[in-house]
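All chains are identified by letter, namely A, B, C, D and E, in their written order; residue positions are counted from 1 within each chain.
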């Protein structure tokens, strides 16, 4: 891997950690067309946004939620007219593959009983996007008051998934994309799309972008061709 | 202006509890390991040395993940603890203390070991001729002479525990009142745009806590210091 | 079976480079700080002591964030470095080394300081009467007598650097070939279900690297060990 | 028999061979620097294990390579005045003096702190740290600490170094009393022939 | 004038008062244990700063509280044989001996390593670590190290402790030669009156 300056400097893409596999695949596809392969840096959306605020030499920001994109936009750090919402996702309730637990989203009391003395594993509702969506959905469905005190707040979605995979938590809330990727959990229920704000992944070229390829790669990410790739990993259209 | 909100106060108290327990519980273990590594030659010594350093070398998240596998309810040690002692670590403050202790251990062992290696063994011999058995000679000579290392280890361990984040959140997640220590609260704040002031407040609290620990340890060293100069 | 893929090999080489540079560059600074804290009494000594411990106490993410604010391109130090020396830290391996060095510093300072405090100052006096100025007495007596602390500090610092994650990813992101060190690669692996084997491989590599460092340091101590027993 | 010693030991490049059977309580050990005097005392105290041989003091076998007897140092009850003092740096002078005394069985004590402090002239030093003592002051504390442990025999490695003649005389008198009144076995190392001649006719020398 | 000393210094509970003007090269310093002999040497070597007074050796002012002169220890060029040896534990015996020699200006050296090693009888010890020396062996190395630094004057704190009579005699002869042939100022601390009487008629005592 080389980021050194050549005539065709590849774009540096800052992307939310949950996009790792799918964006990697999309970038390979893009490189196969004869472009230099983009440099992909995965971390939490919050960390990446703060790097942009502090002058990170990057070209594209691909966030897991609109909030941090809004923050950068407000500070004038996006190249005008390049912001687009390219992906959607949904959240699901999962349980360990081998467990018999059953829970229904339309029965708060039953949900609490299904949890038993265990905990509901989800990303931190105060901080991590997946957790925020989960909390919103639970509130809409009237389940939140039942489980509020029994939530295990993980650092990110994958950690929440791991707790269910290991059977440490009987139930968990993760993205559909995460559930699809794990062989150790099963989907108990899918949260209705209208129970939470839409889960959207915006992308934009940064104001300080220097790579000539930045705009073209951003356009590729929004194209039907790359959409096909993301679809394979469980993402939906926005 | 109230200095701390009730929720912040909870976080501070929990952090102190977790860090104190982690430090105090691992101090004797750290001492025993340091003593073994400093004084004994046995097969597997190098491996033990490496194992002690493990939590330092591995990214904290991996350590947390290993703790989860071992000490989770379904893990080999975790289920055994639960069956035999009724001790649960998962999602409890005890689990947070375990994570902090494991992360702090290598620092404590190194500091104590340096002190043990610096002890003049002829003094232990003198104690033996004066009628002290090996254990008493250890307790009255070696142990007090290694006090600087013990205090340095305690400070390092406490400070490291106060700052421990990755292993804790991976192992026992972030549960208010149980495992939500200062770093976890700070992390939550950092995830939200515009929370910089809250984060700064909590960070300052962390710093003050360990500054206090630092000053306490320096004071203890000074108090016992008169006798630690070099002598015939 | 090829032991490492090309990408893994890159990560290992980068990790070694970052950790070695971080450790070697901060060793002299750590020594100077340890010496000041051990030997000098000056106003603000306690504050310096606290500042050195800061990266230990704060969650690594906060340290990374502070580094970002200070050393980012728009930060006071970062912009100055860029204007005057053309040095960029952001998204470069040099930034990763800075983050590792800052995180390792408190461990190195403590270990070295313990050794300095254990030096018999009457030996320095003897060197002075034999014609050595203060600097030569330091270089020929104090420095070699603190070798155990230097090596312990170097091992701790190197191991900590090999394991450094939070500050690095927050400060310089996760750029392949520049800042994607072993822990960051491990983190990336952990984000993908079913990557457990890759993660385990990388974790084992981390452990082997620091085991090697450990063995090297033990060997160095032993080689210079003959003279370090206690004497009149 | 006060001392029955058959010792063979190699240390550094030196082969130490020492055989002695003495009936008088006080035996002097002389010999050039590096001959092995301190090593002999270390073997009797149990700090160095002889390659081969037998050690009995006052009729009690402390070591015998033939039978495998090897009494640990704390059970030997030697009153060892080390050539290099070895005061405990973390204890004040008073606590150094009491260290062995507290461990001695009450009926084994044959001298009181008050007596020791008086004839050594160290009353004004009890609250001092060892680091702040002069050479002769430290020497006296080391002697006092050994005597107060109620030892069954004494090993004295040049006990009068750094002491002025008046103080040395007082200590010599105490050693004489220990020899004559208590008949405690004493092994006394010294390079001063006048001192040695005054204490005993039994002078053994290491080559 | 070899030594011109006016010293006032308080250490621990002891007030040291010492005034001396000597024209003979070798001056002996005696006094009971704890009188302040070592402290006087430390002040002359520059390791302890007197509360008040003046120090001149061989006509060179090293310290004067009135004029603010305070020569650092390394510029005083004292050959100090410490009461407690202070060998460097991390250097072998040979390197300990060479430590001061390498720092001395070539024309300041007045004795060779070969000579020192011969009269101290330490040829077989050069590769040893200080930790593995006997008491008398360490003492001899300490003497050798001080002489080899090419000092302008000597401070000897009971140099003959732990040495057997034969070796002590040889060292005394060297001290006499230094006194007579080089006329180097020597301040000699000892409790042995015969030794002192043989070396000098100029005996000063601290109370």
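Here is the rule we use: contacts are C-beta pairs under 8 Å (C-beta built on N, C-alpha and C of every residue); 3 or more make two chains touch, one makes a residue touch a chain.
As the structure is a computational prediction, the values presented were derived from the model and not from experiment.
By the document's definition of touch, chain B and chain D have no common neighbour. The minimum number of touch steps linking chain B to chain E comes to 2. Per-pair tallies of C-beta contacts place B-C first. In this assembly, the chain whose C-alpha centre lies farthest from chain B is E. Ranking every chain by how far its Cα centroid lies from the centroid of chain C, the top place goes to D. Each chain gets one centre point, the mean of its Cα atoms, and the points for chain A and chain E are 78 Å apart.
Separating the centre of chain A from that of chain C, both taken as means of CA atoms, is a distance of 34 Å. Annotation: 30 Å between the Cα-based centres of chain D and chain E. Here the spacing of chain C and chain D, counted between their Cα centres, is 50 Å.
Chain B has residues 65, 122, 166, 187, 190, 230, 232 in contact with two or more other chains. Taken residue by residue, chain A touches two or more other chains at no position, since every residue touches fewer. Counting partners per residue, chain E has 84, 132, 135 as the residues that reach two or more other chains. Across the whole structure, chains are in contact as follows: A-B, A-C, B-C, B-D, C-E, D-E.
For chain B in complex with chain C, the touching residues are 46, 49-50, 53-54, 56-62, 65, 106-107, 110-111, 113-115, 117-118, 120-122, 148-149, 152, 155-156, 159-160, 162-166, 182-183, 186-187, 190, 199, 203, 206-207, 209-211, 214-215, 218, 230, 232. Taken together, the chain D residues at the contact with chain B in this complex read 45-47, 72-74, 76-80, 82, 84-92, 99-100, 103-104, 129-133, 135, 138, 145-146, 149. Residues of chain E touching chain D in their complex: 12-13, 30-34, 37-38, 83-84, 124, 128, 132, 134-137, 139-140, 157-158, 161-168, 191, 193.
Residues 44, 46, 49, 67-68, 71, 119, 121, 124, 126-128, 151-155, 159, 162-163, 166-168 of chain A are the ones touching chain B in the complex. Remark: chain B residues 122-123, 125-134, 136-137, 140-141, 144-145, 147, 224, 226-232 touch chain D in the complex.
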